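In the two assemblies presented below, subunit A is common to both, partnered first by subunit B and then by subunit C.
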Partner chain A sequence: MIEINIETLQAGAGTTSINAISLTGEIDATNAAEIQRRVMPLSAPGCKLLLDMTKVAYMSSAGLRMLLSLYRQTSAKQGRIVLVGLSDELQDTMSMTGFLGYFTVLDSLESGIQSLVS
Partner chain B sequence: MDDMLRIDTYPTHIFNEYGLRPGHPYPFGANPVPGGINFSVFSRHADYCVLVLFKKDAPKPFAEIPFRGMFTKPGTGEPFWGDFRIGNVFSMVVFDLNIEEIEYGFRMGAGYPKVERGKPGFQRFDPRSILLDPYARAIGGRDIWGQAPDWNNIYQHRARIAYDDFDWESDRPLEIPAENLMIYEMHVRGFTRHPSAGVKHAGTFAGLKDKIPYLKELGVNSVELMPIYEFDELEGVHNHPETGEMLVNYWGYSTVGFFAPKAGYAATGKSKDGTMVVDELKTLVKELHANGIEVMLDVVFNHTAEGNEYGPTISFRGIDNITYYLLTPEGYYFNFSGTGNTLNCNNPVVRGMVLDCLRYWAAEYHIDGFRFDLAAVLGRDQNGAPMLNPPLLEALANDPVLAKCKLIAEAWDAGGLYQVGSFPAFGRWGEWNGKFRDTLRRWIKGDSGIISDLALRLQGSPDLYASRGPTASVNFITCHDGFTMLDLVSYDNKHNEANGENNNDGANDNNSWNCGCEGETDDQGIQDLRFRQIKNAFALLTVSQGVPMMLMGDEMGNSQSGNNNMYCHDSELSWLDWSLLQKNQQLFRFFKNCISFRKAHPVFHNMWHLRGQDYLGTGLPDISWHGVKAWNPDWSESSRLLAFMLDGKHAKGGQSQDNSIYVVTNTYWEGLDVELPGLPSVRGQNWYVFANTGVNTPEDVCEPGAELLLGKQDHLFVGPRSVVILVAK
Partner chain C sequence: MQPLLVPGTLDSLSAIGQYVNAAAVAAGLDKKVAYRLRLAVDEIATNIVIHGYEESGLSGDVLVLSTITDNSLIITLEDTSRPFDPRSMGRPDHIDKPVHERPIGGLGVYLTIQNVDKFDYEYVNGHNRNIFIVNRPKIEA
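Up next is the complex of A and B:
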């Protein structure tokens, strides 16, 4: 089961619009496609996506692939994507399987927002 | 076109609740297709085949779907007869499976009389067995190294499906010319399993990735990984009769599945998602490539893990025994591999599998080359007789996907076929040069009567590889099989008691010398001599024409306590102890500088054999031989000193310009004064000392480029049992 919450934040004194996507649950082959369907439309030219992974306990290969697809789509449109709140274990898995290097990974929501504003 | 739907994404057949349709025979294995998975498996003699589906790790299947039988039509439920077979290939698509969650196998049967375990027979079909797909891209069942499985589980080695969409970005095989290689033979687990390795995921692909900076500093540009195809470390597991130590298949020369990486070597093997191991290994390859290091795999196609008549039914023998194995006229397994069975490599179907396998690793894992274990077996016909032009070897040599891969043969087998120098090469194959190893070992320990042989080995063995050039010769002094370098100079005899076979296993012809005391000693003189001998060996390896290969850990003086057959130990005996790096810093420094010296000098990288002539009119022959007197080598029986000079202007046949190099090796127990050959005066050059193993560290070697001017230019004192390397500049 996965819960997907999407909200739009105005940051940088209202100059920057950020789509904050917060995921709750485990991401695997049973729901990665659904997340992709929900999130991919946000990947518009110049978009700024903030993925809050704080409540994601596990990600399978399908989850990693969904993230990379999102990254590819977003960067092709000169958008930016930042991951926050990744557990050590998930970061480790992403590093071992070659997915970590693509992403800006930050600890907190605030630092993620700051990074997208700058 | 984006919105166009394929017309084959709907089921045409229903079996229980599973939607199916006839599959694609090619490619073999389990491959994701839109909406489902295409399963395809060959058997020439099976009458029927059933796909068996499990949830990951489950003891019982959740579905069994026949490739032939009564199905119903979607919608109407009307029953009808169906058969998902084309030729000898069973293939069907099953829709709506979660590829991360399932494991699959086959049951096969045919109307042959049942053959009891231990009895000879040509077909061993047994519908009770669940068979591993020979093309499985990932295999579960031994996900965590050494962890005992549920032995009662009917399906021990469990086929999984893998994603094949790894993002390689711009990575591709490096295609480093063979003559520029410096190969590091290593064991994935042994490299970082020891706590002193200090990596997060000890003993895994991820652990190896963390050590890439170390490999880079050492300077090697190719790692040859001992077997990483799925094998069962618990195969034949037993306890030492006296010590009680658990003995396992640590090396892994016993393949369970040719298309799957060893799950127990992946830190992600323990993950819920059993397909991640594939990405972990690919990430390692990509990272090694990014650091200029090629990846070569040690592959074992001569036999499988199924053993002889008494062995387990894992895959091949239950799918088509007579196709996959060489059998005697009575139905016993031929044993040219020394391990119970022999893969029938020159059967066209098996040959196809070997080709598919290597292409898969080259194309999907970007592997740079392969070293074939007991490769002489690959040249035997279906009756076991050696062939003149083995079709498998020819096919590999001419394969379009493998065209730039290094192909290296261990050119002998356990059936007595020894083909060093005569392996059917088709202009492509290199060989592990066992003669280089034997001659260099004997020379270094001081044997007499081999000086002429030594000269051939140093030149890339033109006697063995006249038409193939020096790059056909993979030169090595130590490899996983036998003593480590430190043990080679510390033991006269093997000490394999820990293997539990009363020291009867392992080779006896080690050509080793303990330098005065068997094993460890406090005697500083002996210790110094041992280190000097190691340096002598490595220096000669790196100044020889051909492709040098070194063994993991030799650069830090790793010992296996005199055990020359470490195949069954997964313990501190076999794991690399990284604290040695600090302790034996001088060895590491010597190895590192020798490697970088070799890299810096094209005179060592000839693609063609040296001629001993000045064919470019430079004033010096490409190679010249010297003794105590310049230009006057002593080739006699008792001679223990040989020197040679490589002319820099003849480097790579004159295509490169390099410094001239002079190397002298003295294995006499006293020092000797040698006369140096003069350099042509027009060059205005002097001799500088790069290495002198006869003096203490740090004067024994310097960084390439920082060589010191030799005091006397016409004479040189060469210490007892020493090598000196000079460079002209």
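Up next is the complex of A and C:
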């Protein structure tokens, strides 16, 4: 089961529009495609995406594939994506597969917003 | 623990995950070790459902067994799809490549092998048997 919440934040004194996507639950092969379908349309030219994973208790390789697709599309459109709130376990999985170094990964929502504004 | 028999569909992944988590608690595994075992089993269960059954136009069940010994927890997944030894996949050659250069996929089996102490496979009486072994913490004397 996964819950997907999407909201638009105005940051940097209104200069920056950020799409904040918050996921709650477990990401596996049953729902990774659904997340991709919901989130991919936000990956527009120059977009700033903040993916809040604080409430993601589990993620399999289906989630990694979803992140890879999102990363590719966002990079191709000169957008930026920042991940926040990854548990140690999720970071371990991303590290083991060589994903960790390619994503901007920050601890808190605030630091994620700050990074996207700068 | 009693074995768990579920249909070979994606909807069963959650029940398989819960079963593995419960077995990990019963075996006294550390939280991180339990997470990694669940991940390893989930990756293979996903492949069984998608590649073993769905893409092959087959249907069948997945049987999940757990055995706790003095030294280890052993989880076994049994299915009746075509014989397939995940170990034959080898290590993906793209794991060191930048993420934007690598093919999407091929990570599941790699994660499985990385996340248990031993991963084994055998084909017995028309059943694939994927076997996951993790060491239990040593009990202080």
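Note that in this section the second predicted complex is superposed on the first by the 118 of 118 C-alpha atoms of A that agree within 3 Å, B and C clash if a C-alpha of one lies under 4 Å from a C-alpha of the other, contacts with A are read in each partner's own complex, and residues count from 1 in each chain.
Everything below uses one rule, namely that contacts are C-beta pairs under 8 Å (C-beta built on N, C-alpha and C of every residue); 3 or more make two chains touch, one makes a residue touch a chain.
Just so you know, these numbers come straight off a predicted model, no measurement behind them.
Looking at the shared chain after the overlay, A:89 reaches subunit C, while subunit B stays out of its contact range.
Of the two partner chains placed around the shared chain by superposition, neither subunit B nor subunit C is touched by A:9. Looking at the shared chain after the overlay, A:75 reaches subunit C, while subunit B stays out of its contact range. Legend: residue contacts after superposition of the two complexes on their common chain; A:29 is shown touching both subunit B and subunit C.
With both structures placed on the common chain, the touch criterion links A:97 to subunit B and to subunit C.
Residue contacts after overlaying the shared chain place A:109 against neither subunit B nor subunit C.
In the superposed three-chain model, the partner touching more residues of subunit A is C, compared with the other of subunit B and subunit C.
Across the two superposed structures, the residue set of subunit A contacted by subunit B and also by subunit C is 28-30, 58, 60-62, 64-65, 68, 92-93, 96-99. Contact residues of subunit A toward subunit C in the complex are 1, 26, 28-30, 58, 60-62, 64-65, 68-69, 71-72, 75, 88-89, 92-93, 96-99, 102.
On the subunit B side of its complex with subunit A, the touching residues are 98-101, 163, 165-167, 200-201, 205-206, 209, 267-268, 271-273, 275-276, 279-280, 282-283, 286. For subunit C in complex with subunit A, the touching residues are 10-11, 13-14, 17, 32, 35-36, 38-39, 42-43, 46, 49-50, 95-100, 102, 104-105, 107-108, 110-111, 114-115. By the touch criterion stated above, subunit A contacts subunit B in their complex at residues 28-30, 58, 60-62, 64-65, 68, 92-93, 95-99.
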